[in-house]
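Take a look at the structures listed below.
First subunit A sits with subunit B, and in the next complex the same chain sits with subunit C.
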Partner chain A sequence: MKFIAAFLLLLSVAAPAFAVEPGERLADPALESRARTLSEQLRCLVCQNESIDESGAPLAHDLRVLLRERIAAGDSDAQAVKFLTDRYGNFLLLKPPVEPATYVLWFGPLGLLVVAAGGALIFLRRRQAMPDAPPLTASERTQLDRLMKEGEGR
Partner chain B sequence: MIAELGLYALILAFGLSLVQATLPLKGAASNHAGLMATGQGAAAAQFVLIATAFIALMHAYITSDFSVANVYENSHSAKPMLYKITGVWSNHEGSMLLWVLILSLFGAAVALFGDNLPPPLRARVLAVQGMIGAAFLAFILFTSNPFLRMNPVPLDGQGMNPVLQDPGLAFHPPFLYLGYVGFSVTFSFAVAALIEGRVDAAWARWVRPWALAAWCALTIGIAMGSWWAYYTLGWGGWWFWDPVENASFMPWLVGTALIHCAIVVEKRDTLKSWTVLLAIVTFSLSLVGTFLVRSGVLTSVHAFAVDPMRGTFILMLLVAAIGGSLTLYAIRAPKLAGGGLFAPISREGALVLNNVLLTTAAATVFLGTLYPLFLDAVGGPKVSVGYPFFNRTFVPLMVPVLIAVAAGPMLAWKRGDLLGALQRLWIAFAAALVIVMAGLYLAGFAPILSILGLGIAAWVAVGSLTEWADRVKLFRAPLGDTWRRAIHLPRSAYGMTLAHLGLAVSVAGIAASAFSVERIELLHPGDDLDIAAYHLHFVGTEPVPGPNFNADRATIEVTRNGAPVAVLHPERRFFTLQQMTTGLTAIHTNFFSDLYVALGDPDPSGGATIRAYWKPLVPWIWIGAVMMALGGMLSLLDRRWRVGAAAGKRLPAAHPAPGE
Partner chain C sequence: MRRLLYLLPIVLFAAVAGYFALALSSGRDPQTLPSAMIDKPAPEFALGGLDNGAGLQLDALKGQVVLVNFFASWCEPCRDEHAVLMRLAKDNNVALYGIAYKDKPADTTRFLKQLGDPYRAIGLDETGRTAIDFGVYGVPETYVIDKEGRIRLRHVGPLNQADVTRELLPLMAALAHS
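After this line comes the complex of A and B, so read on.
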């Protein structure tokens, strides 16, 4: 616990980090910070689910530079992203947009949870709602006796 | 000649697998002991034959026999011996051969060590194993023959993807396959039980060790893959929700549900049909994982097989295996109902909650992985499903799982006392609160989710230890009494505590990733860089020749408060054959944090980009995974799995807590 406190303490004094490739950075830290946040949301089109912020691919480099050009030119975050998605499509967005085509994707998990939880609740109620189990049949009785004996034998 | 022997052995194995898939089934149906026994011989012989084929292929790789097309395409005479050996399974054909090798190994194990199984059950299990083996052997023989010859014989091979020439990735597939294929045994047991129409506590007792063993191997395999990504990619990412990662994660999630659910069947003889379904789904997801990776349906560095014929074959196999088993399930499952009653607040109830959440989480990963493919197939828009989706869907599902992990084991079977359990967990709650308050005080409100994550990790860790302390009556009974209880506590109890602690450790490591610090600078020899508490001095880079690459090797002296800590040597390796550069990061770890340094592009001015990261608690992600796997193995060593041993020994004097 002490070391957790220690590392959290370190964080509070650590300088905010801005950087991708040193040469790509914008001079203005506020703009660079915005570019950084945005580029974490954009997919490197030729990589496996890596963002352009993380990827070392040349295409990711180009997109990072393009994004920074737009931001330096005075685009808002939304405008800069739109500039890129207009050219590369929504495939660029690591977070798929919520639209009719993705309703199943976005609301599916909640729906599944409701179905699963509902099923479990019905099951649990049934398990509980049978306080009087049917009496044992003769064969079950002998089986029980046998099992009880086995249990004692251990 | 040796390659032809391998092919011949493979063809024989295919023939035998057809025998294994049919005769024992007939024997079990007509109660014919001789026919039932054929399964054992066939399974053992199949393992010998497939091992022969595997050794034949390995021989071709070791001797660099480029007349074998597979060796020519994936190996090179200058490749280090380790990667000649691991090269056997780092390509499509070889990895499928490894798949069936492991399958036949498990089949042989059931045949040899299954003496305590009722003969009809053993015969049916082996028959189902035989069916899976026949399907995969046919797949290899008809679409992916690893022993194809070439004429004329090329002078040298094309080499192996440099990315794969790494110890972490070299041993990642065998562990992953041990996990995937291990679940084939639980699948076979489930299908055999459906054929017989009977699932009882004894069945669960046979199934659970297999599920546990497969789960341990899968845990290690996934952790290895993620660790590899961490030290290879050069910035410390370790999980991307990439379809290939998800392919292994889905069976892990459902497999986790399975190993918990099987406890209920064993102890309480209930949740039977659900457990059978989980066993079927776990292996089905392993098959889907194989399909996703092997069919080339995903374009990925991992998915190196691009051949529609193979894809169609695997798809048919998938439809037959999953469709067939689920149909059988639909017909037979209603017969399996029944078993012990329990209140919703009970150990059983907690495990039902665990199952609801884990299966929903697996379904969420399934949706996120396959939905883009589905949209693409129906002509919809192309979308990416990246980490923001999973952070918003998967993570919220995991929070209640983690909260329940501490409380569940405290509940008694049948009817538990939730209030009492929560009261006993006050220390865990206090620990979580302290961590969260300290985090908020020191780091502010911005990384609130990570701070809450650390708090939850503390809750799980302290809660698991509290449960153990309760069982041994720590501080509540004389120390000698506690000691005796601690010794006599079953290994499976320790296994659970260790695995749950491992979960807490991993969660802490994951949550703390948000606190990593980064410095990326263009440095010239002699320049310095400060990161976290460390001071880095860049001495320079020098060329170093490797066996099949040329490296640029940097030397960076690390000091902390003026005292030397380490000398790090990150490299950039240029593989001349493939004209490809890979990075080798240098990591200094003290097990609480990593100092992670990667060498970036050289600069014309004589400098180099140095990417340095300080990553607190990140090693815990994998330490936790290893603890989980060790917990599973410890549980496997439990006395009650060893037949006869439990009956011979008296029960421990200290009666275990309810549930054990």
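After this line comes the complex of A and C, so read on.
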């Protein structure tokens, strides 16, 4: 019990690990928080599934420093990001922009959903439109009654 | 008509599977990124050189089709491609220039003494800023720059002889005559 309590206490003080080193941070907290937000959205090109904010790669360090330089020099967020995408392309952006080359990516799933829903709708409509089965004839009804009785008797 | 509709899922599956098979068999490494700098002017740079060298400036390269190779003495694949670079410089007489990426000048000198120096000139990019301007994300990377100073090709990773004969030399020859 004590062990669990100690473990939970430990968990509560654990902060997520970031690769941003103290020396990289900007003195102005407002600028630093802008830089942080931006660097979380930029892909590290060396370890391609991490943002440059999380990555320990030297290139990620260089890009973090460069991003902070641009922001400290008065760049807007968009200008600072464009400075980097001009060099590395849109692959740098963890969230791809909506543009003709990415329409399939952004709207493909919606398109599939529309097509599938349309198909399902047509299928259901058709099924409803099928005529009811013709009513039972007299001999079929007596046969059914007999079968039902047999079942009850069991 | 109905029958054909039932075949649709199989046709769709075949199309998707065929697309994947094509992508897998092309041998292209999906981690190799396309360059954002293709057909754009090469970034300006003026780098210092090794003790006895003059360094490297973009302006000095203009007017000829050149190969710019980012390398480092600490980079293992750079050693692998070095023999190819030596052949390019010697046998093909290619205008090959080197940019040493985040390397200590003494280490670069030792590296070139060991393996030979294929470069017409070398620039030292100790901060790695010039590399970032080129969009380099790992050494070695090699760029073809045309007479007007535009980047025409980027090769990521070590060059091998097949890349050189199939891709690099034909492109450089075509650019030299245009």
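Heads up, the rule we're going with is that the second predicted complex is superposed on the first by the 104 of 154 C-alpha atoms of A that agree within 3 Å, B and C clash if a C-alpha of one lies under 4 Å from a C-alpha of the other, contacts with A are read in each partner's own complex, and residues count from 1 in each chain.
Simple rule for what comes next: contacts are C-beta pairs under 8 Å (C-beta built on N, C-alpha and C of every residue); 3 or more make two chains touch, one makes a residue touch a chain.
Keep in mind that what you see is a predicted model, and the values were worked out from it rather than measured.
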The chain contacting more residues of subunit A, comparing subunit B with subunit C, is B
**Which superposed partner A:L112 touches (first subunit B, second subunit C, both, neither)** = first
(message) Contact-wise, after the overlay, does A:G56 reach subunit B, subunit C, both or neither (first, second, both, neither)?
(response) first
| Which of subunit B and subunit C A:T102 touches, first, second, both or neither | first
- First (subunit B), second (subunit C), both or neither touched by A:Q48: both
* To do: Could you say whether A:T85 touches subunit B, subunit C, both of them, or neither, answering first, second, both or neither?
  => second
| said: On the A-aligned overlay, A:S33 touches which partner chain: subunit B = first, subunit C = second, or both, or neither? | reply: neither
Subunit A residues contacting subunit B in one complex and subunit C in the other 48, 89-91
In their shared complex, subunit A is touched by residues of subunit B numbered 233-235, 237, 240-244, 270, 300-302, 341-344, 348-349, 352-353, 355-357, 359-360, 363-364, 367-368, 371, 375, 380-389, 393-394, 397, 431, 434-435, 438-439, 442-444, 454, 458, 512, 515, 517-522, 532-533, 592-593, 600-601, 609, 616-617, 646-647, 651
The subunit A residues in contact with subunit C across the complex are 45-46, 48, 58-59, 62-63, 66, 85-91
The answer for subunit C against subunit A in the complex is residues 31, 33-37, 102, 128-129, 132-135, 137-138
Per the touch rule above, subunit A residues touching subunit B in the complex are 1, 3-5, 7-12, 14, 17, 19-23, 41, 43, 48-51, 54, 56, 89-97, 101-102, 104-106, 108-109, 112-113, 116-117, 119-120, 123-125, 127-128, 130-131, 133, 153-154
